[in-house]
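Both complexes shown next keep subunit A, but they swap its partner, so subunit B is in the first and subunit C is in the second.
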Partner chain A sequence: MKRTFLRLGVLSSVAAACLLSGLIIAPARSSERPLYGGVLRVEIRERVNSMDPRGWNPDAADADATERLLELVFERLVRMNDAGQPQPGLAVSWQHDANFTRWQFQIRAGVKFHDETVLSSDTVVAALQAEDAARWNASAAGAAVVIEFKTARPNLLVELATGRSFIFRAADDTVVGTGAFRITDWQARKRLELKANDDDWAGRPFVDRIEIGLGVSSQQQAVDLESGKVDVIELLPSLTRRASQVSGARVSASAPSELWALLINPRGSALYDSHFTQALSLAIDRAAIVNVLLQRQGEPAGSLLPQWLSGYAFLFPAEANVADAKKIRAEFSASPLQALVYDGADPSAALIAQRIAVNARDAGINLSVSAETVASGGANDADVRLVRWRISAPDAREALKTSIARLNGAQAEAAFLPLETPEQRYAAERAVLDRGRIIPVAFVPEIYAVGPAVKDWMQHRWGGWRLEDVWLEQKPRAATAAGAAGSGTGNN
Partner chain B sequence: METRFGRRIRRAKRMLVLDLLTVNRWTLSEIWARTPRVALASFLICFLSILMAGPCWADEAANKAARELARKVAAQIDHKKKVFVEVDDLTGALRFAELDDAKRAIETELRARGLHVVPDTSFDLKLRITLSVDNAERLWIADYENDGARAALIEPFEQPSFDAKPWASRTHVDRELVFSGNAPILDFACTNPPAAKDCGKVLVLYTDGVVLMDPDQSFPRVAISHENAWPRDVRGRLKISGSDFEVRAEGIECMGNIGHVQLSKCAPVNGPWIFAGPGEMTFAFLAPSGNWFQWAATATSNAAKVNREPFFSLAGLEIASDPAWIFAGTKGETRLVAGKNGNTLATTSAWGSELATVKTDCGTGWQILSTSRRDRTESDSIAVYEWVGNELRSLSDPLELDGTTVAMWSAEDGGPARAVVHNLKTGNYEAYLLKVGCSQ
Partner chain C sequence: MSFRVKLALVFTLTIVVAVALVAWGVSTYTQREFERIDQRHTKALTEQFTQEYAQRGEEVVRRVTGIKESQATTSMAIDLTGPRADASRYVFEADGLAKSNQLDFLDFAGDDGSVISSKEWQAHFGYKTDWVTAGGHDWNQQGAFLNRTELPDGVALSLTAVRVVSVNEKNLYIVGGVQLDKEFLKTLVLPEGMRALLYKNLQPGFDPAMLTDVNGSVAQADRIAPLVERVQKQGAGAELTVQWNNDPASAENFHAIPLLGRGNQLLAVLLVGSSRAELVTLVSFIRQLGVIVGGAGILLGVFMSVWFSARITRPLAKLARGAREVAAGDWAVRVDARSRDEVGQLARDFNEMTRQLAEQRDRLVQAERVAAWREIARRLAHELKNPLFPLQLTLENLQRARQQTPALFDEIFKESTWTLRAELDNLKMIVTKFSDFSKMPAPQLQHTNLNDAVRNAVRVYDAQFNVIGRPPVTPELYLDENMPMIQADPDLLHRALSNLVLNSLDAMPSGGVLTVRTGRGDGIVGVEISDTGAGLTPEECERLFTPYYTTKRMGTGLGLAIVQSVVSDHFGKISVESAPGHGATFRIELPVRPPGASNNFDAGRTAGTDTIPRDEAELVKEKRRTESVGTKSTLGLGE
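Right, the complex of A and B next:
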């Protein structure tokens, strides 16, 4: 008995000592009021082709990465907060008529483009019309801009806060913005270097410069983070664990903001029947894809919008049911879906496509899997394509409208679908999914690994960067024993 | 004739009303601890209400929306069918009892509309009601299978309003929430003196103006305009003296009177900021386009020489009746210096960049409040320290906040300090008075 007590005593002493030493030697956490200065180094996988907002195509493969970079240099009239509510951007206020056909935006005073030209209502009109003259019937009215439409545009603020609605000034061959950073070096597909805009109307960013390496492989990014060569990297779910083991680094994930889905191409087979799509959908073990392949970074998807955005995603089941899948498969003599393609440049896509093929085989559906590369020009006649779609806005209506418009032949339908209320959006999603042109697989967040010197790293809920608020701890500070313990010692 | 039981209920209600008049935004646990009468009476009234008049459900918006959803459901379902209702909550906001209340409210509404609601599994139609939330609002969702097809009806309603509750504190520092809003707050002031029972009206300094939170006067405000862009991390301070107030926000100074806020005068100034401590004043310039202060001078009877490291925050105190200063330097070290000769008494690198001092009747008479060393993506905490003997001694466990402290200022008279916290859960900016208790 004595021995037990002795052992317990020793163990508790050791535990206490460990706890105490942990308290004393634990490094101090960083300061909280931002410091100015330093160079933030970022690497991304995508090779961005252009920093000209006029050439940005939201449907291009590099669209998301390009938008990230453009948003550092260019601004829009309106911004969105995390709740999807419009906030003043380059427009400080707005009003509209009762029919939502005439909108007036008051332009922020004192804003300068990076070439020192003052922002005016004329330049705003010019930018909007350069983006799409047919879309924007805009005119200057003093310090305001008036935009008129033939039909009601109640969701105009969301349109102006997202997509191609950047405000820029084009002169000669250059395009300049008003954003927090100005371009100092641009090498297409390789490198972007930015400098803090001292005249930013929202306040100068805290870092002096940003260096962004483009087209860096995920593995190389991980190595560069480990060696301290970069501060922020994109993270594949499979590398999350490795990144979190880098000393002082932390992993930051947005809310699920991208949809992995299978697009079914009805032209690929004359035998196509939406009922067959249901068999394939029931065969997919989404939970395993999320838990194993995506390392729990995401959630199974049965709908087009994630639960945090729609509130009703749980009504679309995402569970596998191989028995039911087999039953439906048995109704068909031959499989109308035979080929599954994925983006060969995306390392996660190969794994997910292979797993889906295995699941499909269990239900008696044989899919041949192949990578789609830029060189192959895209296999347009593929029966099934694994795609990755980013949620276009933190606004359920706009996000659903964009998703539906991306489906083959549904652009016109998306424009006229009533999507104002959650009930209407649910009905629209249900109708689209019942048609069997798309099978949602998983929602995944945007994940970044952030080095120890980076402070105030915050993502929007739906993803994206806020590099203007980031600051760098320039010198690591050693903790004093007394300091870490929460008290200081006199030294006089 | 009134029964004895009835008289007890009436008495309990009267006492509850009386007690509620003295209760100012306490937490439930505080109400239990401080006024068992209130708690007991509330419980009794709620319990009796459930028995006699139906569910006692505090969330009126949720209640109303649930009933509205039930009405929509009743219009869709064949009234001959026996309906079983199941209620679920995906938000995690409802307690078991509240879920039961919701179920009862929905069932009551369905019955009132002529539906045959059954409590067991002998149903023809199972109605699943779910409380959910999207990124903007809450949703009551009813889904059911009707003739082989899934159907869903959705009733959106507002998010719960921010529940402004002070801490139930067991430590020496307590906070009192005086204002909350979604726009960034730089500083605030109470119109009532510190000794008053409550804050009175609140004067709030935003980045673009000063507003008196007085609905009777339609929230009078004065705009603060500036030609040059301000830094991203704006510094601003509000001082109140009687009915006059003074604002310093970056390079703008405003003077006004709380009776006529809209008539306040604002103008650019180049002079230093003044930090008043007991017996001394320190003058410091705010760095242009920066968020830190550079020492200019300290005016004392002894013309003391002080450490000149730039700082984020500074507060005065007394040590053995002599003036002293404590400041959070930009290099991460907090330094306590004697006012007399400017000697450094102590340094620590474990504190955050916001600090304030409070004069009390406890301990040495002056306590120091400091934030923790966390960046603005993490929730902050505030700890209380005291200079005792030859060291800075922690008086309590840190008090955890729901967000990050974006500003903290001392009162010139040593009264409660002011802190602005950016709540990371709600996104709101919350103005708190920080008071050091004296229960040692």
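Right, the complex of A and C next:
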């Protein structure tokens, strides 16, 4: 069923593209059918430290990249579709009581771990309990798993579809999953090699193997894409034009799934005043940042959640108003905000931070810009810090809750905020922004440059890969990668 | 200080001054030469910098022109003139082009001067660079210039060129440059001991952080501040010497060269430093060498000075010694006169002089001896003639009485016999006195009290002071009771003093006062005998001590001669002071301890038997000297 849907999707996408562009696509290409085989090569900037779901920390710096890789090897009971609706994963069905305190999940039959062990309800319970025993009370009931709570958990499906809810089997020192790919070589922080899981319950992936290079710089990724050494790279906005000039390559972007924002640290200055934060917010020319620095890959942000997720983001203004910023600035004799730091490991951060500093200077706010590195341990006492947050959950409630919880001292508040309805979420977001601890700057998507040999490349709306659906065109790749034949490209 | 020492000192001083002058001269010349070389290096470096600066400017122009003429820039310029121009597409364009063209800075600015893309400050897009569009520059014809380039974290100096691409009357400005920093300084080839610093004059006053060398920041940059501030104030080059620490070798000469930007604005100062360590080391070496060579030279000079001065003064010393011997009476002395120079001539003249003096002395002695014999003959004739005449008369009277008055002959015979006897006694006395004078004994020195000698001499004539029928003479003695004992012959002393007292009595036939005083001085004692007689004329005073000279009718002229002889034998002096009508005063000065007296004087004083050997007394007797000044006559020993 999945393959059918995929084929229909691909064909409809190609047809739509032809119609929109007015191009006449050769019948031979439109009739191309997915091919099995080949090695998909991917490079990312992040240096992932571990492929063990038990040690995955959603708050770690490499959390997003790690989750992306873990999702290739491990699965959850529930999945989310692009509309944010729960879909069956390792659980084929579920039901709950009226109070949302008792949930029962029917485990998919015939699923095998990569070590050929059959997935059972006991294994699922063990994985859930290992993930966080205090979080829930899970028990096996035949082929079903029962999870009970003392209080209502209406959003349990979202919780099970995100975060650390991976189902795995730990044996000896190894941890195995049920995902579309199994690990064949793992070199922490350097390289991950995966092999297609022939026994995948959703069907074997098209590609035979995936080689993922870790810790590769953006510039090197671009070079490698141009030379045909890799098929998929992460793309910086500054490199989109360059990547688009590579013959046959295309740029793929998700919906805005990351938030660039300034976190204000009131501990950094005794003169802190939320009113002053407003001056800084008004001084920032977000449109210029998005259009120029981010090469239109994103949208100005005046809120914590993007419009596609919240539906009310347009209510938060994101336009610059230097005149008003100057007026507010004039109310202060001295600037309580003087130092702006950014993540030195993020290649986009420096430019955005510098642009913000330039804008701030127009309003009379002089910010000294500096990078913080892992080696420096982070400047916790910095006045302003430019951060990039991933909005991982396709669910607006969970996404907002996570965002608020990330603010200093707001974890408890986030746990009890009523965020069920859009109105409640808007009110909560407004209150948080008025507090002046955070200045949203821009929403940006996950951007990838995909080589010409890669077919049916798709991302989740909120980011993330669907590599099990990707297949590789062999002829063009052979021609393109002729120079890189020595690297062992092994298309079947 | 002897002539030899003076000569040696003069020679030594001359050598020292000469060595010092040479050392100073060499040191000064070296320093001047070093300064000249330093200036030459600085000038060469300045020219090199200017050349490098110009070449670098040409290179910048070439690179920026290359970017201007590149396909990418042309495409950009055309694209930006379109109705849907999107400048944001080119925001990262400058970075790649700058790197490929080895430019540190590269900006693309639109027709209104707005930054489209900036390599050095990518976040600066959209902001205007008014100076590019202002002033109607024909940028395509202009060369590179020094420029302030704004960076996110400050301002940098750059060698900048601007080129313009015009499409449909719309300009695209390309502003490219290379940074003027330590990397630029590294390209300068500097001689050893020299270095170049660059001060970026981006703000008023001196900021140490703006000073850089090839390694980055400069330690103790504040020490350069006066030089930079002088250039800032004057706008012209200047110099400064900085000693970085207590070691003089750490000193460094800095030459400042102002670097001007557009509008002659002082944007930077190039500082060419030249270490003085080499000079200091060289001067130190010269000084050490000077000290060693100078010391050796001075030592050699001193040795040579002593040797030369000794060689030069040796004949003079011989001359001086000869002169002293002549002065001591040895007129036969001769000095070596072998050299042919002035000193040899002087020696020959000295020898001739002593020869002539000896001859004159011999002649004088001979003449004096003849004169003395004549005087003796005259005196003897005179003395003998006086008693001989009565003898002749008495004998003739006896002859006549026998012939004419035989009755009275016996009585006349008796009287004549008495007369003859008296005159014969007189003749005998005369002969005795002459005999005594010729037999003056050498003094037998012993402890003697001068006061006692005076009292004894006066006491001899007590009876004659108040002779009946003659006006009295009153003796008055003023004797110093603290007189020391002297070494003298008491008999001779008594004889001399008695003669003087008698002489005074004879000088006062009408009575008067005889005053005798004794006194003492430094190593001498004196006795003064004065009378109130008729006094003496100056001529008489001069001849008073000449033997056989007398002013008395019956005198022999030997009394004062004997006194003078005694005084001389005691190494003393005698003088007379007199004026007619005012009496006469004789003064005798005697040494307490005459030369040649026994060293055990103290023992002799207690024993009272100390004597001077006769031979010694005879030797010193030869050294007497006669002195006469005005009415004051002095007789005594020369030495």
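Note that in this section the second predicted complex is superposed on the first by the 443 of 492 C-alpha atoms of A that agree within 3 Å, B and C clash if a C-alpha of one lies under 4 Å from a C-alpha of the other, contacts with A are read in each partner's own complex, and residues count from 1 in each chain.
Throughout what follows, contacts are C-beta pairs under 8 Å (C-beta built on N, C-alpha and C of every residue); 3 or more make two chains touch, one makes a residue touch a chain.
The structure displayed is predicted, hence computed values, not measured ones.
J.: Just checking: does A:D200 make contact with subunit B only, subunit C only, both, or neither of them? Give me first, second, both or neither.
T.: After superposing on A, A:D200 lies in contact with subunit B but is clear of subunit C.
J.: Once the shared chain is lined up, is A:V251 touching subunit B (first), subunit C (second), both, or neither of them?
T.: neither
J.: State whether A:A140 touches subunit B only (first), subunit C only (second), both chains, or neither.
T.: A:A140: touches no partner chain.
J.: For A:L315, select first, second, both or neither according to whether it touches subunit B, subunit C, the two together, or no partner.
T.: A:L315: touches subunit B, not subunit C.
J.: Which partner does A:R241 reach: the first (subunit B), the second (subunit C), both, or neither?
T.: A:R241 sits against subunit C, while subunit B stays out of touch.
J.: If you stack the two complexes on chain A, which partner ends up touching A:M458: first (subunit B), second (subunit C), both, or neither?
T.: After superposing on A, A:M458 lies in contact with subunit B but is clear of subunit C.
J.: So, does A:A357 touch the first partner subunit B, the second partner subunit C, both, or neither?
T.: After superposing on A, A:A357 lies in contact with subunit C but is clear of subunit B.
J.: By residue count, which of the two partners contacts subunit A more extensively, subunit B or subunit C?
T.: Touching more of subunit A: B.
J.: Regarding the shared-chain residue A:V223, is it in contact with subunit B (first), subunit C (second), both, or neither?
T.: After superposition on chain A, A:V223 lies in contact with neither partner.
J.: Do subunit B and subunit C land on any of the same subunit A residues, and which?
T.: Shared contact residues on subunit A (touching subunit B in one complex, subunit C in the other): none at all.
J.: What residues on subunit C touch subunit A, complex-wise?
T.: It comes out as residues 87-89, 91-92, 121-127, 152-153.
J.: Which of the residues in subunit A come into contact with subunit B in the complex?
T.: So the residues of subunit A in touch with subunit B come to 28-36, 81-85, 110, 198-206, 307-312, 314-315, 394, 396, 421-423, 426, 430, 455-458, 461, 468-469, 475, 477-480, 482-492.
J.: Contact residues on subunit B for subunit A in the complex?
T.: 90, 130, 132-139, 141, 143, 150, 152-154, 156, 227, 229-234, 289-292, 312, 330-332, 334, 336, 338, 343-354, 371-377, 380, 383, 385, 389-394, 404-405, 427
J.: What residues of subunit A sit close enough to touch subunit C in their complex?
T.: 238-239, 241, 285, 288, 291-293, 295-296, 351-352, 354-355, 357-358, 368-369
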